[in-house]
Structures are given as C-alpha cells and as structure tokens.
Amino acid sequence: MSLLEVHDIHTFYGKIHALKGISIKVEQGQIVTLIGSNGAGKSTTLNTICGITPAAEGKILLDGQDITRVPAHQIVTRGVIQSPEGRKIFMRLTVRENLEMGAFTRNDKAEIARDMDFVFTRLPRLKERIWQLGGTLSGGEQQMLAIGRALMARPRILLLDEPSMGLAPLLVEEIFNIIKGINEQGVTILLVEQNALMALEIANQGYVLQSGEVKLADDADKLLDNDEVRKLYLGEV
Amino acid sequence: MIASSTFRQGSYAAAVAILLALTGVFGKLDERQVVTGAITLSMVLLAIMLCGAGLMTASRVKERGIVAMLFNGILGSLIVGAGLALVMLVENAIDLTFVFAELKTDPITPVLTFGQTLSSGIILLLVLSALAGAISGALLSIPSEARQIILLSLALTASVGLLEAQIKSINTLPDALAVVGVLGTGYLVAINQMQRSSLVRLGLGLGIGAIVGIVLGLIANGGGFGTGSRLLSAPGILSQVIVFALIGGMGSAVAATQRNIHNGTLFVVGFLLSIGVLNWQNSMNWIATLLILIVFATLFWLMPRLTAEASSRFETQPRPERQVNQRFSLLIVLLVMLVAPLFLGQYITSIFDLVGLYIIMGIGLNIAVGYTGLLVLGFVAFFALGAYTVGTLTTPSLLTCGGILPADIARADIPTICTGVMTFWQAWPIAVIVSMLAGVVLGIPVLRLRGDYLAIVTLGFGEIIRLITLSGDFKPIFGGAQGIGNIPVPVVDLTFLNPAWRFELGSAFNIYYLILFGIVITAFVAYRLGSTRLGRAWRAIRADEDVARAMGINLTRAKLLSFAVGAGFAGLGGAIFGSWLQGIFPNSFTVLVSINVLALIIIGGLGSIPGVMLGAVILVGLPEILRELQDYRLLAFGVLLVVVMLARPEGLIPPPVRRLSEQVDSATPQQGKA
Amino acid sequence: MASTASQPATTSGGDGVSLAQRIIKLLRNPLQVAGLVIVIFLVWTIIQNLTGLAAAGRPLSVERIIRVIIFGLAQGSIYALIALGYTLVYGILSMINFAHSEVFMSGAYIGFFAIHWAEQSGLLYSNTALALLITVTVGMAAAVTIAVLLERIAYRPLRGAPRLVPLITAIGASIALQQIFLRLFGSATRVYPEVNFYVLPQLFRLECETIDGAEICKGMDLINGRYDVQLLGMELQLRPIFFVVFFLAVLMMAILWYIVRRTKIGKAMRAVAEDRKTASLMGINVDRVIVSTFILGAALAGAAGVLFALYNTQVSPFMGFTPGIKAFTAAVIGGIGNIPGAMFGGLFLGVTESLAPTLLGMSSQLEDVIVFGLLILVLIFRPTGIFGEVLSEKKA
Amino acid sequence: MVRRLLVVFVLLLIAALGVTAYAQDAAPSVTVTADGQVVIGLAAALSGEGLAPFGEDIQRGAELALEDRPTVTVGGIEFPVSLDPQDDQCSAEGGQAIANRFVSDASVVAIVGPMCSSACRAAAPILDEAGYSSVSPSCTAPDLSTSEFSSFNRAVVSDAFQGRVAAQFIFDVLGLTSIATIHDGSAYGEGLVNVVTASFEALGGSVVAADAVNVGDTDFRGLLEDIVAAEPELIYFGGFAAEGARLVQQLKNDVDGGEIVFMGADGIKGGEFPGLAGADAEGVYTSSSIPSDANKEAVDALLARYTEKYGIEPTGPFQVNSYDATNMILDAIEAVGVVTDGTLTVDRAALSEYLRSIEGFEGLTGTLNCDGTGECSAADIGIDIYAADGSLSTVAVGSPGDDNSIVVTASEG
C-alpha cells in the first residue's frame, strides 16, 4: 500500500475544470515530483490533497484511508503538510512564532522544543533571526522558514509547492540540498517544481502534468531521458 | 421514516415562531382583518409559520416519496405548534410580562386558543398544525408549477386584502371588464393576424378598440351602466373612443413582445380585475376573496403558456419587425407609467413618488459605489444639501432677503425686501451644483483613503451635515430643529397658452411626473456615462486601483467626478423632496436614509440600473405598503436585508457583464496579477 | 491584525531624515497644508476662548477641565472596549461588523434582567460583589451568544462574497436585532437600580457610624459614591466609578493583549488575519478562530455594556447606535485592526468629545461634528490612522 | 438623444395635464351604510426610537374614548365607530404618507393626529386639499395655527402659551432672574426653549447659557460643567424624558449642580420621567395643560383605567388630549351627520367648519374653545413639581388674562 494514493480526482474553480482526472501514487520515503508548465494544475493538485479546494470527484487515500472529504485543518493532523507556493510565511509573526504555528496541532511542549532544535540544526540561518518578523527575512530565508515551519508539524508526507521560485541559483541549490536532507531523515516528499531538471534529479518518481491531466508518469531518471520532457520542460532544443 | 433534519429544522422554525410570539405579534395583528369577518392577519401569520415549517421539513425528504413528505411535514409543523403551545402554557403558569413587556397588552393565549379554553385551544392548535403540515407535505408532492400558482395567488390575494381600503375605489368592475375585454380582443385579433405586419396589427387593435368604445359609449350614454363605471361615465363619446382605441392597440401590440411586457400586462389585468371584484363586493368578504384567488390562479396558470408562445412569436419575426415591436414595448411601458396614477389612487401614487425619489438617489449612489467602487455611507448629506438649497432659495431667508433675517421683516414688507426668492425651476440647478461641489470638497481630502476608511468618513460627513442643519449656531440659515417651512411647490405655468393651465405640482399625482422625469434623466445620464471613457475609467478603478493608475487613468479626477455626479443626482432628489414635502426638517436626513439607499442598490444588484429600480420598490415601496405591520416593518426590513444577501449575494438583477469591463480585464497588465 | 511592529522602508521619515526635510515634505502636499491651517486655527480658537472666557469673568478653572477630562476618559473607556471588538473582527475578516453596537446593547440589556433579579432577591444588597459579578457575566454571555449567532447566520455563509455583501447583512442584522429587542422587551426604557458597592472599609474611613462605641465604616462606594479629593492642591469632587471604568477597561485590554500576543489561539488569530489559506495549512481551524475572535470582542462589548449601564442607568434597544458609531470612529482614528490603536482612539475620542465644545466655545450639539471633523483631520495626516501601518493600506 | 428626451418630456407634460383633468375631486362627504362603521384615522409614532411610547399613549387614549363611546348616534340610529391607527414615525415623510393613505380611504371620516409638529405640517396641505379634518393631540408648534391650514386643529396647548406661562412662573413665582436653557434638537424642544427665552428676557430675566443635546447621547457631563460654570439659578429643558432624566441625574450627581432648579414641560411629565431619574426627580418642575377642578376626578379615573387595561402607567400626558380629540370628532359627526334611509352622510366641509367653531366643549383637559384657526386647547397650564416618590403636585396655574397677558397664580399649600 502506498502512503498516498490519488485516484482520478476532478476539481473545479467555479466553472473552470482545473483537474480532469489526476492519479498519483507516493510511496513511503520517496521524493515524488510533479512538473509541468504554468496552469497545468500542479498547485491545484496539492491544494486538493490538502482539502483547500476539495475534489468534486475522485478519491484521495492516505494509508488506505479516505481523506477526500476531511477538512483542511484535520488533514494536517494526519501528517499531510503543505509548504505553500510563494513562501507564504506569516510576515507579521516572528520566526519563532511562525515555527510554532507549524506545530499548531500538537500539544507536547517538550517534543515541539526538540523539533525546533532539529529545525535549527537543519536551517541554522533561522536560528540567528529567531526574534525577527517573518516579513524582514530575505527570500531564501523565508523559503527556509516555510520549510522549517512545515517540518514542525512532523509531516509524514511533505507537499512542497515551488520551493525554488524566485530564488537566486545559489540559494536554489541550497534549498534542494535541504529538501534532500529532509527526505533522508525519512520524510516522504511530494514536490511541485518549475525547475524540472533539479526536481527530477533528486526525485524518485516524476509526473508530467498538462492542462489538468497527467501526461507522463515514470521514474524520475527515465523522465530525465525522455525526449519530449527534455524538449518541453528542460529547455533543450 | 423520520429524518433527523426534521427535528433540527422544526426546532429552528419553532425557535423563530416562539421568539415572534413573545413579541406579542399575534395580539397586535389580530385586529387587522384580511378577509372581512373571517381571517385576521395573525391567522395568516400563524399559517405562514406552520406551513413554512412543514414545507421546510418536507422538502428535505423529497426523494423519499409522498408518505415521508406528509409525515415529516406534519411533524415539522407539529413541532412549531407544540412550541407555541408551550409558550402559552408558560404564559399562563408564570408572569412573563416583566421581561416580555408586550405580552402585557397583547397576550398570546387569547389569540392562539381561538377563544376556547386553554386546553381545548391547545388541542385545536395542534390539530391545525398537523393539518398545516399535511397540506405542506401535499403541496410539495404536487407539480412545482401548481404549487407556485397556489402560493403566489394566495400571497397576492392576501396583499389585496391588506390594502383593501386604499385600493378599493381605484376602479370598478365594469371598468375592469371593459378594459380587459378590449385589451383581450385586440390581443387575440393580433395573434390571428400574425402573418401581417405589426403596423397593420396595431391598426386592427386600434380599430376594434374604437368600435367597442363607440358601442360602450352609446350604451353608457343611454344609462346602461348606471353610476357603476368611472371610465364609461367620462364626458363625451370621443374621449371614450380614444381611450378604448388605445387600449385595443395596446392589446395588439403586446401580442408579439418579449416575456417581461407580457407578464407585466397580465399582472395589470389581474389587479384590475381583482380590484374591480373588490369594489363590486365593497369589502373583502368570502366571495371577493375566492374570486380574486381564482383570478390570480388563472393568471399564473396562463402566464408561462402565453409568454412562451409570445417569445416564440417574437423570435420568429424578421429583424425590422422585431425592432418595431421592441419600440412598441418601450412605448407601452412608458404609456403605462404615464397613466398609472390615474388608476393607482393617491396613496399608491405617493408611494411611487417616494420610491421614485429613492431611485434617483440610488442611481446617483450607484455611480460612486457600483461603477467606481467607492463605499459611501453618508449619501444622505448630498440629499440634504439639495433639499436645503432649494429650501433656502425658494423661501424668504437670509440669502434671499439680502442678509436680513426674515423674522425681523414685517410680514407686509417681505415681498419687497426678499426679492431674491426663486422658483423651484431656478433653484434646482443650483441645488444640484451645490451638491456636486460638496461632493468635490469632501472628495478631495478623503479620496486617498480606501474602502472602509472612506465609508466611516462619509458616514461622519452625513452626520456633520445633519447636525449643522439642526444646530442652533446655524439657525438663521437652516432654521434649526424647526426646519424650513412653507416651501412653494413647483409650478408649471402655461397660462400663456390657456388661462386655466397653471399647474401646481403639489399633489402626489402631479409630482409623480416631475419625479418620473427626474428618473428618466438620471437613468439616461448614468447609462450614457457608463459607456464613455470616464465610465470605463471608473470600472477600471473598481477592478483595481493600482492597475487603473498604471493604465494612465487620473485617479483623483475620475474619482472626484464619480463622487460629484453621484452627489448631483442626490441633490436633485433632495430638491424635489424639499418642494414636495413643502417643508424640510433635519430629522428627515438621518443615517437610515444613507443605509436605505446603499442597501437598495446592493440588493438590486450593484451597478445595474434596473436593479436600482427593483431594489427601491422592494426596500422603500414594500415597507410603505406594509405600514399595517407598524412595529414589525423595520424588523422585516432588517431580516430582508440578511435573507436576500444570503440567497443572492450578487443582488436580484446583477448588471450584465459588459464587454467594456472585459476589455478592462484583458487589458490588465501581467504584473497586476503578480 | 494587531501589530505595532515597524515595517522597514514603508514609513517615511524614521531613518535619518531631518526635521526640516520632513516639514518640507509635509508642506508639499496641499491637503496637509490645509489640514495644518485648520489645526492652527483650532488652537488659536481655543486660546481665544480661554482668554475670552477669562476676560468675561468666567475663567475656565483647572479643576473643571480636569473633571471634564475624567468624564471623557470614562466615556472613552467604553468606546475603547467597543472599538476593540470592531478592530478584532476587522483585523481578521476585513469587514465592518456593523452589528457590534447591538452586541454591546444586548450585554447591557440582558444584564439588566440579571441585576434586576439580584435586586429583587436582595442579593444586590447582601452580597454586592457577587451580584455585580453575576450581572457582568450574564451581560458578557448574552453578548457572546448574540455575536456567535451573528457570525454563524449572517457572516459565515458569505465568506468569499464581495466585500459589500457582508456589510449589508451586518447592517440588516443590526436593525433586526434592535427591533427584536424592542419588540421582545418593550419600548419602555429600563433602568438599572442604584447600586452602592462599598469596598475597603479599613482603608477608606468614610460613611462611618458609631455603634456601641465602635466605629464601623462602610468604606468607599465605588459606584454611586462621590467624594472630595485633594489633588495637587486642588479640591476636586469625584466619583470613583469613572476611575473604575477606566481601570477595568485598561485591565481588559491588557488581558486581550496578552491573549493575542502570547497564547496559542491569539497567535492563530494573527495567522488567520494575515493569510487564511496558509493558516488552514497549519492545521488551524479557521472557522473556529474566527468565532473565537467574535467571542473575545463580544465579551469586551458585553462587559462595556454593563459598566456603561451601571453609571448611566438607562438601557434601551437603541442605546448601542451612538456609542457604536463613535467606537468605530475611534477604531479608525487609532488605525483599524490595531489593538493599542483602538484603545488610544477610544480614550482620545472620549476626552475630545467632552472637552472640545467647552474649549472651542461651540454648542455641544456640534460635539459629533467635532468628532467626525477630527477623524477627517487625522486621516489627512495619517491615512491609515494614528497607529495604523502603512502596509495595511494595501489591504483596506 | 436630446430629441428623444424632449419627446419624453412632452409626453410627461401631456400625461400630467390628462391626470389633472381626470383626477377626481375628493368626495365631499362620507357615507356609512347601516351595517357599516364610522372610521376614525389615528396617526402617531408607533415605532421608532424613544417616541413610540408617547404614540402608544395617544392610541390608547383614543381607544379608551371609543370604549366609552363605541357608537355615534345620528337621527336615532347608532353607528359603530372603529379606529384605524397608523404609524407616522414622528417625521415629515411619515406624516405625508399617512395623510395620503387616509385621503385615499374614502371611509375615513376624520383623523386624530398626527403626533409631531413636523408630521402635522407635512400632512396638513394634503388633508386640506382632500377636505379632511384632523385634531392633533400633541402638535404644539406655535406656527401651525397661523399657517392657514383648513384641516388642522389641535386639542393641546400651543408651545407659545406654555412657554410664556413657564417663563412667568420662573420669574414671578419662583423669583429667579437667571436661567440656562437646554433643548434636545427636536422641533418641540427647540420651539419651547425659544418661547421661554424670549418671554423670560422680555420679563427682565437673563438667560446666561443656552445649549442643546443630541437625542441618544448619554454623556452630558461636559455640557453641564459649562452650564454650571455660568451659574444659573434654574435650567429649563425642552425635550423628553430620557434626556431629561440623564441631565437631572448628571447635574445632581456628577457636577456641582445640586442647588440648581430643573424645569421641563409636558415632554417630561408623566410616569416615565421619575422612573428614569429615580430619586433625582425630586424637585423637578413640569408643566402641561390641566383639567379644571371639576374634571380632575374624571382624569384620574381615566388614568386608572389606562393602567388597569394596559398594565402600565402612561408614559406622558397626551392620552388625555387624545381622549378629548376623539370625543371632539365624535361630537362633530353627531352634529353634522345626516341620516337618510339608514345611511349616514357626513359632509366634510361641514365637519371641518363645526370643529373649527366648537365652543364650550367639556373635555378632560378643560373647557375647549376653538378660535377658528385650529387652536382648541383648554386655557389653563398647570405647573407641577415631582416629589421623591415620583408623584406630582400642582404648585401654580397659568391662565390667559386680558389683553393677551398671562396670569400665573401659585397654589396654596
């Protein structure tokens, strides 16, 4: 049984049919990436899994349990954590408060403190800025905070939405290293990326989305070799 | 069998019913009779409560079949009935009147026990509840069209019953029959001659109407109708021929028009007939009630059938024909509006006047709120300024008496000293300009603010204007709390044409035309402005201010203009208001007016002119007609605002999506989304 | 929502700009120049008035001004408590909860039934503290119930509708609530009983009588007492109730401040205020947080209602309207969405309102003209209120 | 486009002309069939802030009058009388709407009301045109009877008279020479204060401070500080009970105004004011038109019936005026009504004329004489003082003397 199974989901924004039957499988311990162009439905897929834009049809199974109709805030308690696109950290909360927000559903103070230490060892830059407001951090730091915040929820599966967006190349590298490191700690990751090359390089599995449908699904290294993928998403002529 | 939703919904309904009962509503409405000697308003209310609960609970189990619907409907109504019975028991057991003060004068028990003892009254109430539930369940199981016909005709019959005294004398039965007959003949002839051109059809209608007019006129002159008919006892056969020819022509013109005109005509026919019946019976007795019910039921049954045919006829016509018909439709609407006061009577006309004033204001506020997206909560300020400008300029005042207080002038000298006194026609443009200037003056400091800041500042401005007019410090100009009295009514002086033609637009009938003209002008200006460059700029600002600025729109200028135009319309409304009331008092300009105008444009559908009209009819006209409910009018108003917004957040008639606004959207630069 | 934290590079002036430069910048805006002229004119009028009155042989005594300020502070505290409710809801939903004034009214009105019961049963005299506590609790509970119902029925279904729509339902709910109270409880004004609440008999040896040779003192009457006080060499007659109201208001604001800054639910509120979607990704139940916000605001308004009624005695279904509007104005002056701003705005407004007619020599009928004029003046210089962040301009 | 608008305008004009030509003249008389009812309209503020209790008083006064006199007898036949109460909201628009409503109901014979002066003023032209008659129990604005309305009558004393009596009472009986005035921004309060100010200054007294409050405001302490600083001996208040009670309470408890006398008019007379002001009501003066001694018992009996029937004390004094107004109308109907074949016909013009020329009508408020301008009030104004328990005792009576003068006599005891 896979950790997360998405079966043929359809999602609508008003009258717009955004997802037209997407199916994804994420195995325990893997990094799975969704790539595709703008508007292909990558972020919508994540939002649908999280319960923010519930699916009109289809099923989402976590450990074989149906979570399709579970409200967003309860999905979090089951260990499905999203780090949203555009580094949506709380600008007017301090770094510490941001991290505390990540652990909102948990009540074990000692464990939370331990996790915070863990986040700080992974992301030492945050520790220096612990009392600063989120809004005063630089772009890369904000992204790190967003990831750190997600980790505070002790995710079983971490959904990362465009973690590299708008970052300088050097920082992108750093972020991807962090993601890989997290995965090595045993956290399963579903990664949505525009930067298909780097995503596929660290991922086990890859899905190519186009206009709300899965166009290709394969092992990440095979996708890297796929001509069409190379041409369309890796920028090779 | 029993749905869990039944208990929940039933207890919600019961809670509402109990709450209302504790306000003493049953006692208060018990004296008002809807059907003479039989049905009181409180019975109607009880029926609405019980059936409402029954309908609500039964509709939840619609897919489970009729038995389930009946069962749950009965249960739902019974819960409400039991709740009311419980209140009665409590009322009799302990003294509730300290807390629920209204029960002192209007106790629940005597009304809801129907004059029986408490125990048998409660049993009766429960039996009635079960009955009401069963009826509701049964209603739900019949086809939805039949249900609608029943409910709508009941509602309309009840409203005729409520307004009995005011509308009874509007027209007589012979009048109604004659008008409907001629209208129907013209209509049928036109349908039979569909293959001919519309002008021919119209001619046929006119001719038939004229013939009937001659015949009826002859009979009438021979004393055939006694004194029963007002139309037919009009002086001279010629006027009857003209009137009936027009009615016949109207009938033929309606034959191939769109749905709305058709429906409207049918409503008019229905009301004419029912008022005729009422007039004939002289009171809302059982016969009248039944007949009126039948009239309305027939009407609603006919409506979809006739309109479907009519629209298909309309669609199948060649294009130029269609245009001619559309013109006809407009003309008919206008004609009906023009002669409406003749039929409506003074009270209904005065309500129309008030509605009209609010339409003028609503169209103005719509420019600021609907077009440009500026939330203005103090619109009454401009209304007040318009009224006060006309008030001070058309009466002896500091301004018109060369700076001398009129109170210091001997009565005989007033005409010689106060030479600055203007007529309404001279004063209203000034009122409009003053309001516009006030809009600009207020606009300059506050238009930098956004959204809710603007709302509270404008609200404050409204209060400032009211308090200044009220205050003793400005009494010499605005009259303080005493206001300005004896404002002359507008006068149309055509004595140069005919010595008898001097019309004082003081009565509800005459001012109606002034207001109608005001509406036509404001609607026209607002509509045209909407499609100019300025209108596009406004919509761009509403969509996104930053983007609008990026597109090169001068925000300050566009916003100020929007403010000023809206304010000017309100000023016009105020000017008419002042001279219509012939007196102005600061207490007429409370924040409730602003709220009313804002609410009516939002309920009608922000940015839509027909929406403004519908909103005004609902929020201004309905409460006036329901004056009967006295204390409950405002409560109903508040609840209505909530309910309509919950049911239709976009308003009742949202504006059509204009191509222009699409252009604005597509022109939005990419960075706007980022 | 609540934050006074500085926003980098958004406020002008903070970093190294000289005073002269700032003045020049101020003068470049014609509107602000006009505002400045008005301010100078007002100050001039006040001075004229002070000297003029003195010349007329009716000097404005310092004692009188201090007393008026104290009255204003008490009234302002009530405004502040109501304003906090507006500000909390605005912060989290960006909507004007127009019906909040009725929440205030319901606290005072339902509180009346509690205190009336206490009076009838004698509890009010045998154990005044308990009776008052019950009254306040009942008032707060009523206000909270009304607010929760409001949120559930009139606002929640409209989340995501255009901004004006919940405003209209709020106005509708406000009218409906007023009318329901009016019709349920009658149109006659109800009057709170006179309460004498004696405290600290050891400390305040007032109203003493000698029984059997032993002097027994009742202590200070916090609500209806009126005492001569020596203050800075001045003899002042004061009622402690004004200070009680003021200190309770400050206390409640401090508690609120603590809740919002330090507790988990408070942090969740701030998170929801900033970004509802992301907050739900943190596992925050957004609906519940919004309801808690309404509850907090309503509890304050309910308490304010009872306090208000304790010293103004009359309660009626319409009593909420005027304080409601003033409180909302106060919230805007302070910078809506900002907790200390609301507090400051309320007090500022209260004091201005009671002092200004005297100082400006205007009729008190024009009190509200001054209030709203002040609002416009403040917004000319600080478009987002005194404590408002420039950042929030974007949101408003 | 402009041409189209012109077309519309011409059409409108033609229609207006047509309507004017067609509009039926108001029926000059009312007919009531043998099985019908005589309908009396009643307009008062029955909803809204603060004033609704006064409106209810008025409605109940009329109801009590009809309880005593459920029928009118003309030509030996009894016709039952019914009341059609409508809400005028105490506003000009409300008065106008009500007037339009009544005149389009041909069965309404005459109207008790409207309640407030602004409503009276707006309603009068419409009633004039339709030939209807009204008797207001509470429209006290002085200029209503000088505006040449043919439909307007009042069974209540004009503010002009009440204010003059009050001024003279303060100056002569109380012997005070400096007063301050406060009004509540209503047409009633402001009008009254204007009269008092003018009369008091004419008598030689001085008004040392004048201010106004807004209805609904609660904190008058700052204002009172100002007034107290001007050191008046008395504060005259034009307004209603809620604001009056607050002013008295704050005057006595919060500012050093304990010694200043407080006086109001009929707006603060009745059961509501002492209920609101509590013990602070003691020593407050009010004024209102009073019954002659002969009627005192009858008035007390009426008030007792009111309390018994409705379970509450009347809020203000106007139920008595309303009782009188109703009876005046019923008298008039009996006087001018004509019965033919069992059908009652009341000529509106005759009704109006009769009402305007009533002489010696023995009402509860006194003997009413109508002077032809619509002024029908009883002559005497009583000044009362509240005791600690909220009860009233008369301290002086003002009545018209010769030459437009006023005689104020202090009662003994």
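When the chains are written out, they are named A, B, C and D in that same order, and each has its own residue count from 1.
Operating definition for what follows: a contact is a pair of C-beta atoms (placed from the backbone, for glycine too) under 8 Å apart; a residue touches a chain by one contact, two chains touch by 3 or more.
What you see is a predicted model; the values in this text were computed from it and never measured.
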item: Reference subunit A; chain at largest CA-centroid distance; value: D
item: Of B-D and A-C, pair with higher C-beta contact tally; value: B-D
item: Between subunit A and subunit C, centroid-to-centroid distance (C-alpha), Å; value: 45
item: Distance between chain centroids, defined by C-alpha means - subunit B, subunit D (Å); value: 33
item: Approximate Å spacing (C-alpha centroids) for the pair subunit A, subunit B; value: 55
item: Distance from the mean Cα position of subunit C to that of subunit B, given in whole angstrom; value: 39
item: Per-residue multi-chain contacts in subunit B, two or more chains; value: 101, 104, 467, 470-472, 631, 634
item: Residue numbers of subunit D (touch at least two other chains); value: 52, 185, 210, 212, 214, 312
item: Which pairs of chains touch, using the document's own definition; value: A-C, B-C, B-D, C-D
item: Interfacial residue positions of subunit D with respect to subunit C in the complex; value: 49-50, 52-53, 56, 185, 210-214, 216-223, 225-226, 229-230, 241-242, 245-246, 249, 253-256, 272, 275-276, 278-279, 312, 315
item: Residues of subunit C touching subunit D in the complex; value: 58, 60-61, 64, 67-68, 71-72, 75, 187-189, 191, 194, 224, 226, 237, 239, 308, 312-314, 316, 318-319, 321-323, 353-355, 357-358, 363-365, 367-368
item: Of all residues in subunit C, those that touch subunit B in their complex; value: 31, 34-35, 90, 94, 96, 113, 153-154, 157-158, 161-169, 171-180, 182-188, 325, 328-329, 332, 336, 362-363, 365-366, 368-369, 371-373, 375-376, 379-380, 383-385, 393, 396
item: Contacting residues of subunit D [partner subunit B, same complex]; value: 1, 5, 8-9, 11-13, 15-20, 22-24, 46-48, 52, 84-87, 90-93, 96-98, 100-101, 103-108, 118, 121-122, 125-126, 129-130, 141, 143, 147, 183, 185-187, 189-191, 210, 212, 214, 310-312
item: Residues of subunit C that touch subunit A when the two form their complex; value: 1, 3, 5, 7-8, 264, 267-268, 270-271, 274-275, 277-286
